[in-house]
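Look for chain A in each of the two complexes below; its partner is chain B in the first and chain C in the second.
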Partner chain A sequence: MTLEWRNRVLVVIALGLAALYLFPLYWMYVTSLKTGSDIFATPPDFLPRDAKWGNYGYVWTSRGMASYMWNSIVIASGTTALTALLGTGCAYVLARYRNGWIDVALFLVLMLQVLPASLMITPIFVGFSQVGLLDTPRLAVILALTAKTMPFFVVLVRATFMSVPAELEEAALVDGNSRIGAFFSIALPLARNGILVSAILIFMQAFGEYVYSKSIIQSPTLQPASVGLNSFMGPNTFEWNNIMAYAAIYVTPILAVFVLLQRRIVAGLTSGALK
Partner chain B sequence: MKRIISGLWDGKGFDIALVVVALGFLMIFAGLPLIYNVVMSFQKVDIFSLGTFARPFAGFDNYRAIFADPIFVPVMKNTVIFIVASIVGQFIIGFSLALFFTLDFPGSGYLRGLFLVSWVMPGLVVGAIWNWIFAGDFGVLNFALRELGLIGGNIFWRSDTNFSLWAVIIANIWLGTSFNMILLSVGLASIPRDLYEAAELDGANALQRFWTITLPMMRATIGAIIALGLIFTLQQFDLFAAITSGGPANSSNVAQYWAWELSFREYDFARGATISVLMIVLVMIASVVYVRSTRYEVRG
Partner chain C sequence: MSDELQIELIDVDKHYGAFHALKAVNLSIRKGQFVALVGPSGCGKSTLLRSLAGLETITAGTLKIAGEVMNAVPPRKRDVAMVFQSYALYPHMRVIDNLTYSMRLKRAPRSQSEAAAKEVAATTGLEKLLDRYPRELSGGQRQRVAMGRAIIRHPKAFLFDEPLSNLDAALRVHMRKEIRSLHDRLGATSVYVTHDQIEAMTMADHIVVMRDGVIEQQGAPLELYDRPSTRFVGGFIGSPAMNFVEAVVAEDRRTLVIEDLGSVPLPGGIMLGAGETVTAGLRPEHLEISAGDGPGLHAKVDFVEFTGAASFVITRGAPGLTVFNVGRTTLRPDEAVRLTIAAENVHLFDRETGRRLGA
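This part shows the complex of A and B:
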């Protein structure tokens, strides 16, 4: 009985803490449903009375969100595909061997993981403009972004491959499988979940990317939603309900994926970053 | 030739190819820019010499210009304040939450994971939401502070030079706290339970247990998290772009934003590259600390 009460009290406190911490998200959704004058009420209304769902449709068309969202999807998909394609094999090898060369490669990967994008964009931009990559700005962003996300992906997926016993592959080799066959038919399927979760994390990161897109992509028709959101927020803006509606449209797909796969994402993240 | 092909198919060649392709890509798109960055910081670069590699050598002129710039000192001061305040805030709140969630209760794992939402959101969205929370006349933060009696008049978070940097810091603490908490939780979970039981039998109270068991056992984790905090804080750009744009009057400008501004607002790529070089050196030092404190994990 006392244990039960202790649990109840703790759950209430935990819910309170979570509500406080997640209030900014709640406030985004509530504001996005208010009228342009309701948002300036004092005291503010904390409940979405008379929800204005029309804000969403209005923002979607008036800000041309279809194109922004499409570009975000293109950049995120391209980055995720390229990262997974190049990173999976690399992570696999780094997990399977242990010698001086592997240590060097691993150290390089870890070092590249930490380079801030806002500092790397200067040489990337100048270099890309010299080789003509700026003519295909979305591809340029995908290439630059993949170099940024791949180290993180390799670290996460390597942890997954390390949990796949090497004996299984050795058995497959004994049974007459080729090396390449053993990789594709044994190691890869067994590590599938870890790769998938890591790829989702990369997708989320690339979906919200800002610095590279802002600096490389000049044409508004090719810019992603993060850049679109920033140009929506001028210094003297007052359309906060519409801005919050924009933000809500942009972030809700990410939140949905996160809530659905929360356990796996948290587990994948912690296994790679440190243990 | 045949041996190479069969090696690629069936031996070590396959493994080497996998690594070489990935590392080759990284070298071209991360390694080369890194070197190019250093080269440009010693060159005279302007909009006309952008298209050529053969630019006039500038020696240490760019570095001198950066150090002599009147906003160099304030920007560096802001950078230090931003880093220290963000890390301290994220760490203290994150650690408190992590300790709270070690008290096992139904749903604790799920609720704890829910906090990580702040970390997967696009930085620009986080910035937009906090922009609205910080709004001067109608922001909900000022309303709450007024109701609590903490302030008499409204604080203009984004346009008051005394508060603009702190606005970004608050948003950054919110963003990073959850990640700190999750990693600290992992560290806390790896401390053997029987240590606590033994200490309890010996009559140690909760505070003593915290100081003599939890903190010493967490030393490696805490070192790694502080280093990661430094790395992530120096990567933070989106919140500056969304909330203050470094203003007003550079009162919230930090090195990583300044570098971008010089390159993409003033088109002074050489000086942008120079700050980048300086800051990247700092990040590298932090990451060596990080790699060292996770070395045991890295070597498996």
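This part shows the complex of A and C:
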């Protein structure tokens, strides 16, 4: 087989896998535009016969999605802000100093990433209820989520800081800046891209979070869209078109952000690795 | 140059964990002096420079700048400027912002810092590049920005960390002259780290040769060339490098016998007994190709290298000798040569310690 043919075969395989992976997304959008009877048609229609755009408006008002979406945004923004604020400093220190303690800290950070949310939620719930954090359930979720997203953020941003030469900060020190001043005027601006990309990834992760929100937030008025979607689905659900419309409203903004920024996200993810 | 001391190091030590990077270093630098620190990689020259800048803290001893003890003073309060090997230009700032960074930190008025930047740009030939970003500059231009960023500060001392090693050969020779003339015009005190002895020889008033964290020898460039105090300095200063051969003092105590090669005259004023073995250092440019029979070193030519203006003749044998010959030699490989050298040009070193013997 020639090299050209091998490349063609590989491209076909890649496209096939991508189609397989993206099909549910496509099916979600298609179903969200169908009528109740169209959903159950055999053979199924791969394009809706007449698009029912009204499904979206209906779901938005009947399910009170405004409140759910707002809560999702509050939780995701809060988590992102807190993670970026605390994680950036942590990542910087882990990038700049090299000794045994730093290695231990890095190991622990990576360990945290391994623990699944469903395992952590019980101790977190008990702990939070002890200190009364369950009275402000969205804050509680933000704190729990921040702890969960932190390792990922720290590892990514640390790589970014490591790609900023230490000599630049040394030059700033000799030029008359303090250690903290050099961090803010040199290291931080140069790591900005990596921090932004990591923050966007954290936002996406927090926006779709389910386990902590479901367990900690009891009141439906404070629940995010992920929990709202779950309560939409019962054992006897047949409103698949409306559920898919809900899901589409939920993921489209975040999907749009990703598509718009994907170039920078990919660049940001590899910038630390290639050096 | 005045007699006032600008930088003073007294018994300075630096440890990195178990590694002893600087060992009891003593160095005095006068105001206006251009001092070169040379030595092979890992000899401690960069560590010494970084200690002067305050980027490393010394473990023991005293470090004074302009008479003040600076041991624990942070870099920003030392009033020294540093030019890094990588230039360390701030990539997110334009040239003008790179130049005025230190002034902005001091909250100098904008008009003042811009005027200063213009002046420095004129000195360094950067006038047309002020609005560019570092990534849009060539290597030589970046080098100038790094210099300009130091000049604008009017510091107590300029510290250079191998600033020319990233430039191509022609530009390096040019910048060598430029840095030196800038130093003279500004009346500055400069400490210049390099591993290139030619840079040190051509630029410095005072050369400090370091090895394994110790100062091997310091002095004026020609002093180091004429009277290297150790075998290491002899081999390090001068290009092509000094030839070293084992030599035995002859019965008459007037010549040194070199096994398989012949003999060279023994320099006067050296107390050595007959039969003692020493290391003789013979500079390639001091070896002369002589005609006819007679005393001297007899060897066969291995190969000849021509540089255009001169030729290097390398002889066969366990210690192959390099001979520097002005002009174009007609010698061919395998031809026999007789090499002679004047007694005053023979350097003798102790075989074990490498210390210089005699005057």
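One rule holds in what follows: the second predicted complex is superposed on the first by the 247 of 275 C-alpha atoms of A that agree within 3 Å, B and C clash if a C-alpha of one lies under 4 Å from a C-alpha of the other, contacts with A are read in each partner's own complex, and residues count from 1 in each chain.
Just so it is clear, a contact is a pair of C-beta atoms (placed from the backbone, for glycine too) under 8 Å apart; a residue touches a chain by one contact, two chains touch by 3 or more.
Remember, it's a predicted structure, so these values are computed and weren't measured experimentally.
With the C-alpha superposition on chain A as described, chain C and chain B fit side by side in the combined arrangement. One geometric descriptor of the composite model is the angle centred on chain A: between the Cα centres of chain B and chain C it reads 90 degrees, in steps of 10. In the superposition on chain A, contact of A:Pro123 is made with chain B only, not with chain C. In the superposed pair of complexes, A:Glu170 makes contact with chain C only, with no contact to chain B.
With both structures placed on the common chain, the touch criterion links A:Ser178 to chain B and to chain C. When both complexes are overlaid on chain A, the residue A:Gly64 reaches neither chain B nor chain C. In the superposed pair of complexes, A:Pro189 makes contact with chain C only, with no contact to chain B. More residues of chain A lie in contact with B than with the other chain of the pair chain B and chain C. Applying the stated contact rule after C-alpha superposition, one finds that A:Pro220 touches neither chain B nor chain C. Superposition on the common chain A brings chain B within a closest Cα-Cα distance of 8 Å of chain C.
Residues 178 of chain A lie in contact with chain B in one complex and with chain C in the other. Looking at the complex, you find that chain A touches chain C at residues 165, 167-168, 170-178, 181, 186, 189-190.
Contact residues of chain A toward chain B in the complex are 6-7, 10-11, 13-15, 17-18, 21-22, 24-25, 27-28, 31, 39-40, 42-44, 86-87, 89-90, 92-94, 96-98, 103, 105-127, 129-130, 143-144, 146-148, 150-151, 154, 162, 178-180, 183, 201, 204, 207-211, 214-215, 225-226, 229-230, 233, 240, 243-244, 246-247, 250-251, 254-255, 258-259, 262-263, 265-266, 269-270, 273-275. Only residues 53-55, 74-76, 78, 80-82, 84, 86, 88-92, 101-102, 105-106, 149, 153, 159 of chain C touch chain A when the two sit together in their complex. Across the interface of their complex, chain A is touched by residues 9-11, 14-16, 18-19, 21-23, 25-26, 28-34, 36-37, 40, 45, 50-53, 97, 100-101, 103, 105-111, 113-118, 120-126, 128-133, 135, 137-138, 140, 143, 147, 174, 177-178, 182-183, 186-187, 190, 221, 224, 228, 231, 234-235, 237-238, 241-242, 256-257, 259-260, 263-264, 269, 272-273, 275-276, 279-280, 283-284, 286-287, 290-291, 294, 297-300 of chain B.
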